[in-house]
């Protein structure tokens, strides 16, 4: 992929991912030999600029979490580079990696599951301090309180256990823990998916506040497209281990280019009966193919409403089709190469877009 | 900080909840009292009832009068075939049986937890450790116990004296042959825990494996371990009595419940109470420990506790 | 499934070889000598000659490899010969008991029927009473039936079998005279009279063992049923209008049985192993009694062979339990 | 949807409590609603507001103990379901009322084939033979859009994806042509693209089969797309009820208003900050004497503390027919 | 009339593992085998030899034994046939000798055939056993249940190493006895039926015998005395209380007979201290620091109340004794001095020997050394009671006693690698029982010779367990080996016996243990025998009418 940071040319990328692959081997047979791999992430490249929020959306199982985890090297990536703050995380030796950890942190999907039920809030938030500082108890306590203030948790709760909190509060604990070491980059892996609607907003607001105050950079993973629209600056749409489209927020939501992005956006219900009554959804047929056995050619060719012969053969490259917009689709290639794509495809595309608008 | 003085309220902690739930389990509470009673009987009893459990009247004529007596004020549980006081023997024997149960359980739990955690956490040694567990499961217990007692008795007895030595040996032998179940349970639990997000969270912080184990894994396998522990006590007490039954236990002048029971069975026709007392003591202990384990299982399961 | 089974069988081979070696060394290291029941009137030089004749004076590894060869090669040949009337074995030396000078496999053959009938019946009965108790206890959790069932199960665990066994003998065999105290291995069931005799001599040991087994299995059943009663699909079944019986006995039971069946399968090796203590008490000369007898006189070939067969059974039933799991639970398909 | 038709389901003053060691939890408090043939009622409300408990109380699906239905009537075709004997109730479940649960992953029995599970109610309620039931099950699977239906009858649930499993659940619920279908968050666990598939399917089926549907969800977007009428629940009570357009256009209850604002829009103006509902959901111990929303309500006043507001119609139609709300505050706004 | 009384059921709680006495000398195997296989002569209930396959007992007087005592000539009964109908010949007798002495055969009765130069069979009925030197007691070979005659035809292929794998032969031997084996389940049950070719056409009265095994003495006694499931149970050694209770039931009786089995305490004359280097513990290099003084040993013996031991442990199955050789009468010493307990005397003796309690802890000491001893025996309920009682008595005279009990298979196993064998004797005193085969005590007395002391150099295989060594004793044993004539030999044995017990107290005899079995009241003709197998006259058993 070309240099990904065109719109924010002023800002330099903090995170830069190139050709990231994460394959989980499958063993089978009498001798338990490797017979294949779950290609959870299969060649993903993108940049995240300093202070920016990159949204990552896609269907369940398309590899979003895997990207997030491989980025922080919680998984050993199969291939590719992950440069964060100038160092390639993917090839760092364990010691250096450990020293690097404070600058990149993660907030997890399930606030219940990501907190050890047998540790107090203070211990949970203080754990990174235990690991990376040699401060004395007082200093640590002071920092823990400061963090609790920052995320809006009452200091009185310091000695309580996670099960005594509501979901939103728990997620705050998780965020406080991620903030403890003053990270610059945080991967938020569906931080609101497990929360009630009325609480989701609180957490998202908190994340935004913190970003404003501390200049954080987020990779915001979610399948809630409305929320991503709210929080992200740019959005990457993933399908089956690959990025289908990577565009600035407004551009994407106004006019998705990749057929999958289009289908995805059309499927999101809007809290407006009038709109809903008239809206035409693109209903995708069939199921997502298994990442262990992705189709030949374009990953989306099995479900794509605009599939062409070439899609079943050649894998499309992620290419910049408009300034700042990257799409991996043969339709785009035709658009740019031949000026006009085949009339049929073009017409249909217009029809559908017209109705979405 | 200005507000460090904020009063940090004392919380019940998770143990408070466990206790609250445990108290609701009638069977477990009864069992706890029963076991407490038995423990007091064995530990404090001898301080009150000061007859030497091995005292034999050396004057033969007197000794013959004292043999095989039924319950009386002087000997509330009667006397045995050599005129020894059964109450004193029961108390003394109880000390050893309870101690064997507890210590053997600790040994088994320690090994089981270590193996289970290692196998569950480190994929690379999992296969090896599990084969080891299979191996131990498949080994015949009796020859194994015999060999261990044979190989190490003298060395251990030389260092610790014959009584403590035998005690240690029996306890180790029982422990070493009964850790496998715990290891399997713990491994299963660890395999699941390892995938929980808080372990991932710790990893993302940069917590090294050994601290992940001590800080995050171990406290969370506590409940199956505790339950295994109570069952382990029960099993160890029974194993000790079977060892006595097979003549492998403690020295003969060293009463334990198991040995008293074994000796009593030979006399079951003539003096059935000799079987009843130790039999009852063993059964009651094991029964209460089992009930306590049951209560603990409920109390420690947050799903049940939440209800 | 097939490759899973094959793979497990393949890994079982080195495991079993290792187990056989460990058992051999253990049994060999164990104190005691095959001559301990020879009277003291027999002088030392004669004893030495007896040892040599048994081959007990050979180095451990020599004996181990001899045993390996006999167990895995010669004995199967004899087995084939016995089946097909061939003569592959050509009189090669079998595994012979030091104590009785009889091939160990012959002893096992003679012992197995007793063990299978008594312990097997007890196991079967145990399972048959455990299931309804476990199911009903779980269905009516905390009812008096559940409490009683729990107590029964706990008591079954807690009372050592050598205690209950002796008590039953005293009451029912000695005092009341309803049952014999000595198990007659020669008894063949040919008519009604011999059948009732058989029942009479099996009654006590089967009761003791069945209660013990039932205690354990009913606990497993109960907790498994409890677990499943709380599952969503039970609600679905009720929402479909299914009757309670169908909900419990079809939907819940089938799921609950999966872990129970594996536990039952894992317990099966003990059926072959015999319950050493119970066999002792009721004077049933089964495999368990043979093993303990052999241990007492340090009859190494017998101890080694019998324990190794147990080990094989344990490993095998572990595998069977896993396979059963896969068969019963469509979600689990190894591979 | 004929407005004046007799309701198929009429729930009046339903009360359900849970007896726990911490005291009684009043999970459902005097909930009333009705459903006309072919109508689709959407139920929204935050987690724990009593949506599921209400629906399960209707046909006695709650485990008792700890649940206990304390009062009210559930009239289905003129019969009060709460007064039926267990056997009679069983004849209603599945036959007259179909139920689809939230989690498609766990709601199907993993060890029986999908066909078997669809056939069960057919055999029980319709008295079909195995053969007939099998044919009908295949039809149903095809109806919910599973290709190659007859073959898939032999599949086990784990061989289906989440969306397909939810379709199977729907097929089961539809098996006996129920008068009422209750769908309890049927798409919450699913992806947007799959959710869209299911929603389309249900819409289509309603057109074809004409039964009345209750659709529970958190997602206002879903409600907007499919419901005829909406019932908003909070703290075990119905706080507002209105036809769908009316509700979105003219929300009355402060909770409904707040709820509508918290959701970011996909197409509309992008707000700088999201609105939030401050505070905690209420604890439902003890019979309600005050408005459950008072602690989080910007408009709360003394009366809210003293008196639990009753549902009142605000558009002249009787309560339950048009737009009604249970709030002491809203009329003032309107008139003031 | 033969076979008229149906089935007789016999219980041997130690189950029968083989019927060939030469491959296992376990009493149960020998006795079960004796129903089938017979020796030339057996012992009756008084220890007198009587002919079985032989026409009569050869003696010097009747010329059967050579005057120089170097050979003995046996004559077989005429017309004897094996159960398969073939005649019994002198070749079978000779073969039996060859069978037991063949190298690699592992014959358990090898001792019986020691010192034989050759065996000649001048004709089918005559067997001449030639010894290497004069044998004052020439009746060892071919007599008693432990030395039966095998059929050459059947066992020819089982010589030497092959003996062990002759399964069919060992479990179904062809014999001359009243019964033949029909079914044999190893260590479980033997079924036998009448030998149609048995020499006495009217016997046996029982047509079928079942010998069942398994369980323990208590179960065995109960099966005869309480439930009546069996007619006869071997070795029903149970405690006296239970003996009484069972006899009161009236279904059967206990029968006993006293032989030479004596429960005794052996005193270690060497130092077993663990402080000594391995290989020197309990060896003659280091004499025992306490027991070298005979008065101390005597005091130990005096403190014991032997009658109490019998009353508690054996009841009818034992009687107190002060002798190592308590029977037969002609060689039993009239030594009764130890039968009354004398605690005060024991104390006085110890004080005299310089053992006093100087520090007042109740334990005697001398030269700063405590009188503290380790007392070991095998695991066995009665022995443990004895240990406890004797410990009590010894405590009463100021001796500290530590008890140890060792699994019988280890204690008696003779494994040179184990520290716990009774031969190694890593204790100060130990208790067990021993006896001798037949009636002649010579081999028994020669166990206490100086050169039979076990030690590392002979892999601890000696029989002189207490490491007693007295040249005078050795000389007397030598004299015994050349003396013939019952009376003269008896006197010598008495002298030897007294040297070990009364005079030096290196052996402290406790209880003369009889054979003790249970017999149903419906069984007639049973005569207890402590010199040969208990089934010695099974052909005369009948069902009580």
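Observations, loosely collected:
First chain written, first letter: the chains are A, B, C, D and E, and each begins at residue 1.
Criterion: a residue touches a chain if its C-beta (ideal position, glycine included) is under 8 Å from a C-beta of that chain, and two chains touch if they have at least 3 such contacts.
Being a predicted model, the structure only gives us computed values, none of them experimental.
Contact counts per chain pair peak at C-E. The greatest centre-to-centre gap from subunit A, using C-alpha centroids, is found for E. One finds 56 Å separating the Cα centroids of subunit A and subunit C. Subunit B has its Cα centroid 51 Å from the Cα centroid of subunit A. Subunit A and subunit E have CA centres that are 89 Å apart. Computed from the mean C-alpha positions, the centre of subunit C lies at a distance of 38 Å from the centre of subunit E.
Of all residues in subunit D, none touches 2 or more other chains. In subunit B, 146, 150, 269 are the positions where the chain touches two or more neighbouring chains simultaneously.
For subunit C, residues that reach two or more other chains under the stated contact definition are 31-32, 174.
Per the touch definition, subunit C reaches subunit D in the complex via residues 231-233, 235-244, 246, 251, 254-255, 258, 328-331. Per the touch definition, subunit D reaches subunit C in the complex via residues 56, 59, 61, 86-87, 90-95, 98-99, 101, 103, 106-112, 120-121, 124-125, 156, 158-159, 169, 172-173, 175.
Residue ranges of subunit C in contact with subunit B, taken from their complex: 11, 15, 18-19, 22-23, 26-27, 29-32, 147, 150-151, 154-155, 157-160, 162-163, 166-167, 170, 174, 276-277, 291-292, 295, 303, 307, 310-311, 314-315, 318.
Here subunit B touches subunit A in the complex through residues 1, 3-4, 6-11, 13-14, 196-198, 200-208, 211, 215-216, 219-220, 222, 302, going by the rule given at the top.
Of all residues in subunit D, those touching subunit A in their complex are 46-47, 161-164, 191-193, 195-197, 199-200, 218-226, 244-245, 248, 258-260, 262-267, 270-271, 273-277, 280.
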